[in-house]
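Shared chain: subunit A. Partners: subunit B in the first complex, subunit C in the second.
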Partner chain A sequence: MTTATTDQAMLCDGILRPGNTNCAGCGMSLGHQWLEQGLEGAKLTLCIPACCGIVAAGAFPTSAYGVPTIACTFASAAAVASGVAAVRQLNHEDDLTVCWTGDGGTYDIGIATLSAAAERNEDLIYICYDNEIYGNTGGQRSSATPQWVKTSTTVEGKAEPKKDIMAIMAAHRIPYAATLSLAHRDDFLRKIRTAQKTRGFRFLLMLSPCPTGWKSEAADSVDLVDTAVRCGLFPLYEVFDGRRYRINARPDGTPLENYISRQRRYRSETLDLDAMKREVDAQWAYLNTVARTFPAREGE
Partner chain B sequence: MARALVTGNHAAGHTLALAGEANRSARGAVCGAYPITPQTEIVEDLRAFEFTKGRVIPVESEHSAMAVCMGGALAGARSFTASSSNGLAYMTENIFAAGYYRLPIVLIGVNRTLGPPWNIWVDQGDTLMMRDAAWMQFYTESHQDLVDTILLAFRVAEDPRILLPAIIAEDGFVVSHTQMIVDLPEQELVDRYLPPLDLPHRLRDQAVTVGGMIYPRETAKHRHEIEDAMQRVPAVLAEAIDEFERVFGRRPHGLFSAEHTEDADTVIVACNTMARTLRRVVNQRRERGERIGMVKAKLFRPFPRAAIAQALRKAKRVGVLDRNHSPGSGGIFWQEIATSLRPPYLNGGGGPLLQDYLVGLGGGDVTPEILSEIIDDLVARKTPEEPLWKEVLA
Partner chain C sequence: MGREFLEGNEAIARGAMKARCDFFAGYPITPASSILHYMLELVPAIGGTAIQAEDEIASIGFCIGAAMAGRKAMTATSGPGISLYSENIGLAQIGETPLVIVNVQRQGPATGSATKGAEGDIQFTRWVTSGGLPVIALSPATVGEAYELTYRAFNLAEQYRSPVFVLTSKEIGVTRESVDLDAIELPPLVERKRVGDDEEYLPHRFDRPADVPAMSDFGGAHIARYTTSTHDQAAYLTAKPAVIQEMIDHYTAKIDAVADDIALVKRDFQESAETLIISYGITSRSAAVAVREARARGARVSSLVLQTLWPVPQRAILAALDGIRRVIVPEMNMGQYRLEIERLAPTGVAVIGVNKMNTTLISPAEIQRTGGLL
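Coming up: the complex of A and B.
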């Protein structure tokens, strides 16, 4: 890791530098690289609340982030970013303001702040890397944790289903919301570019494997995301103005077992595979209906 | 200066707006705004003000109001907001963050009782709760004092030798909702008094992570630097007061005021509007030949212990009025004064008898009669007791 006390180290040189403290197989590492590739050198400020994302920076005076970054309080990313974006706009600067947050800071403690910034249609990109767990504190449930999954606070498996944050964000009628797959690079980069050229509030949800919390193999991370998309658990889609939908990939018949069998977090006595399949089917019935009834426009 | 009959809140909102507008030649102004009784008119006035280069963001909570101010300040803007009571309590996490980030944000704390049970009247417990948050704290006794202190606070907070945020306490309703004739500053003079903000650690095109992880050694150094900055406040404030007089042609109140303490046996310490009522009582009793004085406490963080010890050194008896209550400990100003009356601030042993009076809690009227009773008690007192609860009728 480079030392931030030298002028050399303070030069902006990409988003996530080598030497960061991310675990092997962490989805965030690849997500940062693809965000950088998608933005093609655009200047940005990162606002990161309490989450593994800020631990990744390492300790003062070093930083793994090669761009100006604010370590925000847990519930504050979208509000701090609103202040930053306001000053950027007042001073006619085109730097992007990007929130990079975990599911705890998005689905749970930060949701009021997120909702308010979305409702005000602040000019910022909000990216949630969703590892479906409080990873930073050792793996407790969040409202993003899927049903049946074992965590240190749901030792028998979680009783409640995962919160549908995309539906919540779409209900804010924000200009752009999309899901990101770490196994679909072209789709990922295209969505980053769409978010970049859109003004107002943009929400991106990235399924982010956490081998430590998911009890999976680090080398499996990208393939696990690919499987989640193929079996229909993690739909790839976009929502424009909260009303017009485009589905980017459909389930191809890959069985759910291919996804859950490689993660020991799913080894729960309570797991009901039939109910899980019904949930996936119901999710797709809903998505197909809205996408057919309210399709995205040509060129969107 | 334009003389106007205004409420404390309108005076405060107007002055904050002028201070924000004065940064239009630099990176502008940002405010996160959220209403709570009795400060609401302040954020309403800020929303209504037509900034040349500023934005007032109507957020969903006090927590986010301070977060917006922090983001704005880190991006280089002059930032400010207002809150009260449970709003301040909800904002607390980010109040600490703003202090530790060393951001020169100015916050008007319109004093209101913390609940439940719910009570909207004045009590200093809400702003005093923030005493450990690395913020300067000023307690103001009048509308004019409030206006002047807002300008002083920006000047001191943004001084590169300080770089600390400031809370300015204003009595809820007693000041916030009453009208007095106030000298309101002209924009041109505020422009002269408040130079463009140039925050040394604002976000630039540099790969710097603000507020990331640090280890114990750096943490201790960070806190020590904050303490050093706090200790520089009285001198920088004195300069700011001199400069205020040069620009506005009027001298604002200092960091505290010692009144008749040179010959007084009995001295009462008070803050905010209680001090104004007390001044009247003290002057009346002095006319009757009683050797009574007072100290009005204004600067609470940093607490000017040595200066206050110097003012109290000749007294035989000192009473402290606390419109606040720290359960299990007593009044918070009393604790500060007790520390000030010991070495190294006051040497020579003994020191005056010190008695705490908890009075006007929850906004009870602190009348001249009540203050006279307290003075009677103190004058006759041979030994101090635990903090005394002085009940008021309304």
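Coming up: the complex of A and C.
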């Protein structure tokens, strides 16, 4: 008779234990580590809907999340998390409830429960690791997929622009919304801490490279996020109470080509680089205007 | 075209195109996603529309809208998606919407094993939505049958103004086989009955309960009405118990009355056999091997393979049971269709289930061992 033994090294503390099944270069792996570092040991419960994040848990004992984790159905992460958060409140516990979801579960199938939880201002942190694709089911487009990008369901390049989820969430007037860059660690950790000390619904959007779907080199992932920030495609900013804005980093003139040339998903006949530049400029004109007109308060 | 090396999901897409499906909507889900991919390629090429929806509620919603506006519509998903389809399947029943719904089954419940096979949605398909009205469901066992039964599903949907399920599984959906689709014999294409532009139109007109009402496309000559609430033949809401019952009797009768006409079964009977294996889906292929091997050892055993699961092909099953003392029902679930066989089997006939639901296929040896054929 053999007895199953547990390698204690596998059960070390940590949100994502070693030996997980994530692809090389997956933004989620680094995101989990920085989330943990930002929270500095705070107790939390994870709610993860159907997405690569569920697969990452792997099969015991090769890997599993080192915190209580509910792997729930695709459409219901924010609802399940609302239930968890409600019990925390009833029990007078200050444990954090954290949704960790992909873009499909955020922008598409999960947006009804996300919107409702935000409208109720549930006391939870909702983090979307946005790899701009259904990475877990064969690389289909989501409404987070940027225009012109080739996916298995947009073989000639996506016709529609990416949905502006930050604007949607800000319109719910939630206490805190921010974008997270895997190339800006201090900014990332500060925003995690801000989210931690804020009460009510907090929404964090993390651009999460997916070398499999983006058709990029795994070693390029962090640099790709850095380039996305520098060329203006992925603005780093925070929104307080849905109305007051703070921009954390501005484009430095890095050409868009530096970002798209290293991802074969952008090699589509339909790619219109000039239109892409105009779109980035328009987004920054808008962001600059609102941030100037409705700035964040000192100390926020 | 000759022989091709196709997976079941592609055969389903090709069967749909053969039936002139010109609307498809689906949402990514393993192991059904490649049907979405194929349809996105094939449907626009004939001037139709294929859409990736934002979730499963939207997928079937798209299809209902398109079907009522005159298109031949199909959607495809797996267990978690069928769960989300549920309310809209009820809408398709109460609104009498021709619609093909493919379920590439995977191990459930819930997310289950996304990449592992199962045939666990058999009774779920029958009772898929509130109200418990009858459904039509076909179950292929091979890539070729996936093509044929998808084509036939469109015919049934149009003929009976009903949602029709094609119940396949991961094993059939994403396994490739050599098949010559052109060599498969198909019945003539059926198109829905439409009311003439100058004729009077009631959305749910019938004289006898089993009549199938003629349709008028939304946006056509008539003021078409469609409602998810209880309604009369004119699709006006009603709270009159007698009218509501009359409509329920109609929805039920139009399927039940034709149950034996739309029964598709494959028979492999042996004279004076007292053992019968009743199977369906991928498991029927193990059953075929079990029968062959048992006969080689001198056993007398018959086989009945069901391609129509719902409504129950009652007459075919009763005929097959003639002279039988033992029925073996192998299923990749905990005994769902066995309930129907137990209901039909005469007193004294033993009904033996061979059941497994651990994502692996049932082997011929398991059928023989549990079924007492060794």
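To be clear about the criterion, the second predicted complex is superposed on the first by the 284 of 300 C-alpha atoms of A that agree within 3 Å, B and C clash if a C-alpha of one lies under 4 Å from a C-alpha of the other, contacts with A are read in each partner's own complex, and residues count from 1 in each chain.
Here, contacts are C-beta pairs under 8 Å (C-beta built on N, C-alpha and C of every residue); 3 or more make two chains touch, one makes a residue touch a chain.
Nothing here was measured: the structure is a model prediction, and the numbers come from that model.
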Problem - Partner chain in contact with A:Ala75 - subunit B first, subunit C second, else both or neither - result: both
Practice task
Please indicate which partner A:Leu224 is in contact with in the superposed arrangement: first for subunit B, second for subunit C, both, or neither.
Solution key: neither
Practice task
With the two complexes superposed on chain A, say which partner A:Met206 touches: subunit B (first), subunit C (second), both, or neither.
Solution key: neither
Exercise for the section: Applying the touch criterion given at the start, work out whether A:Thr153 contacts subunit B, subunit C, both or neither, answering first, second, both or neither. Expected result: second
Problem - Most subunit A residues touched (candidates subunit B, subunit C) - result: B
Practice task
For A:Gly138, decide between first (touching subunit B), second (touching subunit C), both and neither.
Solution key: second
Exercise for the section: Check the residue A:Val239 against both partner chains and state whether it touches subunit B (first), subunit C (second), both, or neither. Expected result: neither
Exercise for the section: Using the touch definition from the top, say if A:Ile54 reaches subunit B (first), subunit C (second), both or neither. Expected result: both
Problem - Residues of subunit A at both interfaces, subunit B in one complex, subunit C in the other - result: 54, 71, 73, 75
Exercise for the section: Enumerate the contact residues on subunit A facing subunit C in the complex. Expected result: 50, 54, 71, 73-75, 104, 108-109, 111, 134, 136-138, 140-141, 143, 152-153, 155
Exercise for the section: Give every residue of subunit B touching subunit A within the complex, in rising order. Expected result: 27-28, 30, 32, 53-55, 57-61, 63-65, 67-77, 79, 93-94, 97, 203-215, 218
Handout entry: subunit A - residues contacting subunit B, complex
Key = 4, 9-13, 43, 45, 47, 54-55, 57-60, 63, 65-73, 75-76, 78-91, 112-113, 115-116, 120
Handout entry: Contact set on subunit C toward subunit A in their complex
Key = 27-30, 33-34, 36-37, 40-41, 52, 54-56, 80, 84, 110-111
